[in-house]
Structures are given as C-alpha cells and as structure tokens.
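Across the two complexes that follow, chain A remains constant while its partner is chain B and subsequently chain C.
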Partner chain A sequence: MKVIVPIKQVYDPRTVRVSRSRGILDIREAELMMNPGDRYALAEALRLKDEQGARVVAISMGPPEAEDILREALAMDVDEAILLSDEAFSGVDVSAAVVIVAKAIDKIGDYDLILTGCKASGDGSGQFAPRLAQHLDLPQITRASHLMVEGGKVKARHKLPDGYAVLEASLPAVLSIAEGANEPRYPSLPGSIAAYDERTVAIWGLEHLELTPDEITENTCTEVRGTLAGLERELGRVIKGEPSEAAKELTQELKGGGLMR
Partner chain B sequence: MDFTFEKKHELLGRTVREFAEQEIAPRTPEIEETHTIPDDLLQQMAELGFFGVPFPTKYGGAGAGETGYCILMQELMKGNPSVACLIGAHTSIGATAIYLDGSERLKQKYLPPLCRGEKIAAFALTEPNAGSDAASIRLAAVREGDSYILDGTKIWITNGADAEIFSVFAVTDKTMGYRGGHTAFVVEKGFPGFSLGTIDEKMGIVGSSTAELVFEGCRVPGENVIGQVGMGFLTAMRTLDHGRHGLGAGCLGGAERVLKTCLEYAKYREQFGVPIAKKQAIQFMIADIITEIEALRSLVYRVAWLADSGRPYRQLGGICKLFGSEVLARAVDKAVQIHGAMGYMRDYPVEQMYRDARITEIFEGASEIQRVVIAMEAFRKLGVRIEP
Partner chain C sequence: MWDELLTPLDEVAEHMHVWAVAEVEDESVASISYQLIGAARDLADLLGVKAEAVLMGKDVEGLAQELIWRGADTVYLLEEDALSQYRTETYAQVLANLADDRKPEILLFGATDKGEDLAPRLAQQLGTGLLPDCTKLEVDQAERILLGTRPTYDGGLMETNACPEKRPQIATVRPGAVEPYPPSESRRGDLEKISVESVEEVTAKVLEVVKEVPEPALRHAKIVVAGGRGVGSADGFKLLQKLADELGAAVGASRGAFDEGWVGREYWVGGAGGITIGPDLYIACGISGAIQHFLGIKDSKFIVAINKDPRAPIFEFADVGIVGDLHELVPALVDELRKTRS
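Showing the complex of A and B:
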C-alpha cells in the first residue's frame, strides 16, 4: 500500500498580526509551520504504515522554505518527501495548485490513497481535496475518520453536522481527514536530527513535472482584488438584576432588534 | 560568528517545547501528589527518544550533541522540573560516565537500552561523609577472582528508586586515596547484594526520586569496571564537568517559565487602580529577570558550541552551572515578591517554582565548589596550584 499525503506550509496564526487600519495581515514577524489540519492526515497515513505496512510519501508545493515541513514529516517517520518548488508556482491559487500536485502524484504513481487535511489555516478554502479528486477522477470522502482499508476498498466515517455517514470507496481514493480524527504525532527526537543530517527531500520543479508556465497561468482563476480586516465585534451586554426583570428586558431587546416576534 | 541554531536543533526544540506544554505540564498536579512521574508519560518520552539525546546514533542516541541536549533540558524544565531532573541525571551523569570512559564493550551493552529509555541510569558518588568532598568516599570494592565485592552505602542518589543501571564509585585501594585508589563500576539493580535503602522526602522536585543505595557483599563482574582500575575519581570529575552546562540550560528554561508567569500576572493584577505592570517597582524586577536570562542564554549555548566543536569548556561549564542556578534563584525570589501573598500559597505555581529551584545551587557541585573550581583554573593558568 502506498499513501501520498500532500501537506502545506502556513503562517503560524499566533505570530501573524492584523493591521485593521490598512486591512492587511502583518507577517513581518510571522513564523512558518505545518498546517495543523495536515497533521491528522499524516498521523492517519503513519497509522496505516504501522498497522498495514503502508509506504508513506509526503509532498508539498511551496517555496524552498517549505522543505522544513517535509523534514518534520520525515522526523515523524514518513518514508519519502518531495518538495514541488519553482518560481512559476509562486502565488498560484487552489485550482492551479491542484494541477501541479496532481502531476506530481501521477509521477509518483502506483498509489492507493491520497490523504489530506480538511482545510489550510492560511486561505482556508477547503477545496483542495475535492478539486484534486475531481482532477484525478478518483472517488473522495471528505472529513473522514475511522479509516479501514481492506480488499481494494476504503471505508470511513464522513462527518456530518449532526452525526456521520459511513462511506466506502474503491482504491485509489482521496480522503480529507477530519480534525480530531486521531492524535497527531510528535516528530521523534532522533528523527528530527536525522531528518536534516541523513534524510533527503527531493525537489521537483516545472521541468521535472513536465509542466509549462502556460498550464499554470491558464489554470489560475482567482484574482485578488483587495483584502479587508474582519469586522470587529462589539462585546455583548450583561443584563443585571432580578431574573424575571432581566428576562423581560432581554425579550424587549430581542423584539426591538427584530430578532423575535 | 553566528548565533542562530541549526534547523535540526530548531525542530528538536519545537518538538520538545510542544511536548512539554501539552503532555508534561498538565501532569504536574499528579506528579506533585504522587511524588512520582507517571509511567505512561515516561513511556511516551522513551518512544520519542528523550533518553539519549546527546549520544551518537551508533549507541542508539539522537546524535543531537550538547547543543541538542541543552535545548532539551531548557524546554523540559518549563514543562516540569522533576521530569527534567530525571532525564538530566539519567543522561548527563548516569549514562555519560559509561559513555566517556567505558570500554567499547560496556558502551555497546549498556548505552542502547539507556538511550531507548528501557532502563534509567543514575550516578552514585555521594556518601554520608563525602558530599562536596567527593575524594572521601568509603564504599569498598575488593577484588575476588574475576569480580569485585562492594560494601557500603551511597546516599541522596537522584533517580535512585527508578534506575536499573548505576555508575558507582568505590575505593579499590585505600592507601592510594583518590589518586589511583578509586574505581568506577556499572552496577545493575539486579546484582546480588544490591538493595535500595531510604527513599528521601524533599523540599522540591518531588517527582524525581532520591534514594539510598545499599551494597552488602554486592558482586560486580570485573568487566563492569568503567575505564581503568584506580582512575574512578577522574571519571567522576570528567562526568560532572560534562554535565554542568546541561544544568545551566535547565535553569535557563526554569527562569524563562518564571518570567512568563510574572508577565502574565503583572498584566492583569490591579492595585491602586492600575495593573501592577505599570508600576516601576515591578518593571525593575522583570527587567532584571530578562537581562539575566539573556546573559545566561548566551553563556549556555556558547558552552554547548565549545563542547560540540571539540574545544575545551571545563571552566566555562562550571561558570554556566553557577550563574544559571543563581539566575534561577534570583528569578524565583523576585517572582514570589511580584506575586505577593499569592506567590507564597500552595495553590499557585510560583510556590512550587521556588521550592523546585533551590536544589540547582546544591546538586552536581554546589555553588561554592563551582567558585573554587573557577578560581583554581584561573590560578592554574598563572602556574599557581591551589587545592580544595
């Protein structure tokens, strides 16, 4: 069994500042990290490695710095790491990213499962897995947990707002792993050192992937016209006093605001 | 000159920091109550390779060197000082004695299970009459055929109740004293004639065990001699020299944790209508803590760099331990003052920080001994010998 896990490097939201006056994210002091949602996909793939001997390949599209999250994945015990990096890939949107990643997945070949996070903490479109499945013409299960791989099929729970559905798909398939589906792994300490001292990250660019710059631009369909700071929410008001009086006041407020008839 | 960490050390540091925050720190109430570190936590740490960080990969270590080890100690101390203490005594003195002077056979036999965390190590030097004066040990080792028979006691041995492998220092020739008369041995918990005596109750680091070891005709195979017969005192001193910067690193992490607690408290605690952070008296104390932390950080990682690049670091290692433990002591003292009565109460973490910090000025060479060693070295360079 071969499992491919596409992962993404994002800014650590704890280190990003929001400049409300300019409507931009201030990333001057921001630190980079592995997208938290992708850790669930890696943990699920590594569970399949431990229990069923799967070979796990982590891939990431990004600038040269993104190599660090692949090394981190190696430290968690993935078998192979590939960085898709090229000047031509900078600033691509999710639809072009899917074209690039799908090409890499084809090159790796002979895979059974593609596991992804549910959404990235950066732009958070949540479209990557569904678009990738569509592009590769593969079945998909989004927000998946409780994976069982058996007899050329994968069975998983698909999380719904009020419960879950058990879905089955033939292999190969694309699954986005639900947050909380498992306990994400820590890199091991010897693994952390070996990830830099002994292991290698393959770097594939435009040429290696047999893509042309036109294919990238043609598939980029998002245009960013501007960014806005989120609305500032005012703090709620606490209605004090006797409960019966407070309830009356609350009802009046809600009626006055058109929230209750 | 470059003060940045290598990427591999950054990853190791981030991992330990997150592990300490998420897995170790939340167990503190349990550790304080039971006076022991939960087995499942130690098991998890063993699986992630926390027990052999500085040692080469050929012995099952992480190969992270002294820089990696200092990062480990710094971050562990933020999680829980008892856990840091267990790993510290295991790694930088217990296993290091074998690593520094043991034969290749001894290293191959004992280091891999120690690095994997399957067994815990301890360093047994102190005796009732030999604390700072380590040359006065009396534990006797008498040769009998291919073995040595050990008789006597060791006290206040960190990890004593948890360890299975002990680096033990004994007298093989009374007439020669510490120059040629002391020998180091690897003693396994299961050797006949070895037993645990009193397990001590302490002021702080209560999750780390401290015990008396009793040797009654304890038979140790001759092949378990660490290094050469008669050279044990040197092994002890070399091991202790080797471990000092790690302690300084632990103190650095401890002081950083203290600072964080003080900053958070001063931010919201209001007196006279304003947060106490706005009071100069508080600002001055916090500024002093920060200044000392930054000085200590430079010192710790300078020593680690010296050690990893094969340069001499003996004197600076002692300075690092001395300064580190006193920086931490001053930081916890100020922390209690900043927190006022709350800093004195058992229900709040500052009280524990204060108790846990005190030992760092005592164990692995008391501050006074460090000062003597530092001065000795300075005079030695002038050709003047001063002996303790």
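Showing the complex of A and C:
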C-alpha cells in the first residue's frame, strides 16, 4: 500500500499581525510551521504504515523553506519526501496548485490513498481535497476518521454536523482527515537528527513535472481583489454600579430594546 | 465553426442567471437555502438576470413553492432515486451536466458541511474558481464580476476574492451572512422539471448515517446565556440555567468552560469547532472574548458581557458591558427579572 500525503507550510497564526491602517497582513515577525490539520493526515498515514506496512510519501508545494516541514515529516518516520518548488509556482491559487500536485502524484504513481488535512489554518478554504479528487477522477471522503483499508476499499466516517456517515470508497481515493481524528505525531529526537543528516528531500520543479507556465496560468481561476482589517465594531456602553442597580439598568435596556419579553 | 469564433469574452457573455443550490435536510429545505435564494435575488437584480434555485432529491417537488415565495424566478427540479441521499460525486456530476447545459453566470452554495464537500469538486469539474466562505457578496456591475469577501486569519483580515475570467463564478456563503426574504405568497415563478440522465456508478457509497449528538437547542435559540471559565464550576452553570429559565433562553459555554469539563461539547459556542450562533440576544458571563469565541457569536444582534476584568476583550465587541462579579450580578438579574414580571 502506498499513501501520499500532501502537506502545506503556513504562518503560525499567533505570529501574524494585521496592519489596521493598511489593512494587510504583517508577516515581518511571522514564523512558518506545518499546517496543524496536516498532522492528522500524516498520523493516519503513519498508522497505516505501522499496522499494514504502508509506504508513506509526503509532498509539499512551496518555496525552498518548505523543505523544513518535509524534514519534520521524515523525522516522524515518513519514507519519502518531495518538495515541489519553482518560481512559477509562487502565489498560485488552489485550482492551479491542484494541477501541480496532481502531476507529482501521477509521477509518484501506483498509490492507494491520498490523505490531506481539511483546511489550512490562516487563509485555507478546504477546497484542496475535493478538487484534487475530481482532477484525478477519484472518490473523495472529506472530514474523515476511523479509516479501515481492506480488500481494495477504504471505509471511513465522514463527520456530519450532527453525527457521521460511514462511507466506503474503492481505492485509490482521496480523504481529508478530520481534526481530532487521531493523536498527531511529533518527531523523535533521533528521528530529527537522521532527517537532517541522512535523509534527502527530492526537489521537483516545472521541468521535472513536465508542466509549462501556460498550463499553470490556464488553471488559475481566482484572484484576491483586496484585503481589509477585520473586526471593527463600535465600542458598547458600560454599566457601572452595585449589582442590583446594574441589573435593573440592564433589564430596562433590554426591555426598551425589545430584546426580551 | 461557431465554437472557434467564440472569444473568451463571448464565453463570459453567454452565461446568465444566478443560481442558488438548495440543501434538503430530513425532507425539508435547510434554512441556508432561503438565505442563498435571497442572496441570488439581490445579485440577479443587480445584474438584470433571473434568480433561480436548484432543488435536487427524491419527492421534493412540494418544497419548490417556498423557494419561489422566497425570491426564485425559476426552480429547477431534479428528482431521481439516485439523488435521494446526498453523495458527492453523483450530485457534482448532475450539477455539472445542468450547468454545462444552462450556463449560469453565478452559482451559490452554503458554506456548510455539504456545500464545502460539493462546491469545490464541482468547481474543479467545471474548470472554474470558487470564492469560499463569503460573509459578503458584491458585484462589479460593469464587468459582471462577483466579489466575495471572507474572514481569514481568524477574522483578523477580510479578503475579497474574484473569479474574473472563468464561468460560472461559484461561491459558498457562510450561514447567517445573508438575511433571507420572508415568504411572499403572491410571488410567482416557474417550476421546471429536469430529467436526470442515468447517473454513473458512484465510487463512494454511503453505508449508514449515524446521528450522534442531538441537535443542540442552542443553534436556534433567540436568547443565549453563555458561561466561560469565570463561571468557576459546573455548579456555577446552574446559576446561568436559572437566568436562562427566566429569559426563555438556551445555555451555552466557551471552549474554556468546556475544557474545564463543566459542560458537554454540545454547549460549546465558537467559530473553530464550536457551534456558530446568531441569537437576538447573547449574554456572556465570565467569558474573556477570544477571537475564536467571537467568530462563533459575531452574528448576535445584541451582546451583553458580564466580566470582572474591565480590560477583557469581550468589552470591545459587547453592546452593553457590566464590569463585576457574575456570582453577584447573575442572581441580581434573576431577582430583577422576577420582580418586573410580577
């Protein structure tokens, strides 16, 4: 069994600021990290490795720095790591990213499962897994947990707002793993040392993937028209005084505003 | 031959009308659908085209009327055994066929469990872009471009997206972002039955559906009294329950209170994992007002905060705040309410 896990490097949201005056993201002090949701996909793949001998390949599309999260994946015991990196990939939207990653997946070939996170933190939109599944003409199970791979099929729970549905798909299939589906893994110290000293991260660019810049442009659909600082709201009124007085004032205000009977 | 003469601009011009893809849940139309048809109505009026609803399922014809009352000029009705239960690939395929045939200009889905599963797959199939999780929809009338704004970075940054060249333009709309039109029984519209061509064998099958958590009363409550870590204990929530009983309200909690184990998960309010609510009145007791919490309650029409720390962030978005100890203020409020009632 071969499991491919596309992962993404994101800004740690705790280190990102928003410039209120300019209405843009201030990333001067931002730190990069592996998208937290992708850890569940990696952990699920590694469970299949431990229990069923799966071979796990992590891939990431991003700038050269994204090699870090692939090293981290290697340190978690992933078998192979590939970075898709090229000037031409920078700033692409999700529909173009899907085309690039799908090319890499075709090149890796002979896979049974593709596992992803559900939504990238920060500015993710959760489109990647369904789009990738469609592009590869494969079945999808989003927000998945409780995976069972057997007899050329995968069975999993798809999380619903009020419960879950048990779905079964033939392999290969694309699954986005629900947050909290498992205990995410963290690298061991010896694993980390080996990941940096002994293991390699393959780097594939435009040429290696046999893609042209035109193909990327053609598959780009959306653009960001602008950004604004969020969450502006007028300051409310503060009621002061003794509890009984404050309670009286609040009650009157709520009644006056027709907010309670 | 004509195909070859079509320039990209002609292709854009060929697409007309705004569609709302209705969601059916337990044999009725999910409330998001009326919000979507309301949004489609507004956009269609701006663009001078029709607002149309797509209704898919089995034995759902009876649900079409209200979509018209709520703003649809046309309801496309697709009834078929294979559509009786939601399945991603089947629904995407059927919608793609219909969109290829009728060429809508804009397609709206809910940013719901189903919408987020289905809309991206359809967008990929149609080779077009998707404006995700919109809390605001606008349109560039001259260029006929939909502008969809969504919160990113936990609401810190609002981002406006567009899909300028590909058609149709697809957007998912966050529940609660658009006010639906009240049903108007004098509104007229057409019902058009679409025959569904044989649907390809699907590869992801639904084996069973399990309802786990009862639908929390919280989600639809008009008034919510919520407690945070400041409530101090599971017993403290009994105090909030008293206030809730006086007001006919539901009780909710912050993640902080849930983490402490004082309440079950079904009480947890928030934008990241919790329940998103938009009651008429939200009373937050001992909740600091973290961004994730705010995202879950920001659609509340009126927010009251009770917190002993005057610098708590919740005061930044409360309409009325009381600085003080909730263990004194909540009983005082209960007393006051009882007094005014008698």
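Basically, the second predicted complex is superposed on the first by the 230 of 261 C-alpha atoms of A that agree within 3 Å, B and C clash if a C-alpha of one lies under 4 Å from a C-alpha of the other, contacts with A are read in each partner's own complex, and residues count from 1 in each chain.
Just so it is clear, contacts are C-beta pairs under 8 Å (C-beta built on N, C-alpha and C of every residue); 3 or more make two chains touch, one makes a residue touch a chain.
Predicted model, so just to flag it, every value in this text is computed and none were measured.
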Query raised in the report: Once the shared chain is lined up, is A:E207 touching chain B (first), chain C (second), both, or neither of them?
Result: neither
Query raised in the report: Is chain A touched at more residues by chain B or by chain C?
Result: C
Report task. Return first, second, both or neither, reflecting whether A:K255 touches chain B, chain C, both chains, or no partner chain. Result -> second
Report task. Would you sort A:E65 into first (chain B), second (chain C), both or neither based on which partner it touches? Result -> neither
Query raised in the report: Is A:E183 contacted by the first partner chain B, the second partner chain C, both or neither?
Result: neither
**Report entry** First, second, both or neither for A:E150, with chain B first and chain C second
**Finding:** neither
Query raised in the report: Which of the two partners, first being chain B and second being chain C, lies in contact with A:D12: first, second, both, or neither?
Result: neither
Query raised in the report: Residue overlap on chain A between the chain B contact set and the chain C contact set?
Result: none
Report task. Could you please specify the touching residues of chain B with respect to chain A in the complex? Result -> 6-8, 11-12, 15-16, 18-19, 47-50, 52-53, 57, 61-64, 68, 72
Query raised in the report: Which residues of chain C touch chain A in the complex?
Result: 88-89, 92, 112-113, 116-125, 127-133, 147, 150-166, 202-215, 223, 247-248, 273, 280-281, 291, 294, 301-305, 310, 315-325, 328-329, 331-333, 335-337, 340
**Report entry** For the chain A and chain B complex, residues of the former touching the latter
**Finding:** 68, 71-72, 75, 186-197
Query - Residues of chain A touching chain C in the complex - result: 13, 16, 18, 23-25, 93-95, 98, 122-123, 125-128, 130-131, 133-135, 138-143, 155, 159-170, 173, 179, 219, 221-231, 233, 235-240, 243-244, 246-248, 250-251, 253-255, 257, 259-261
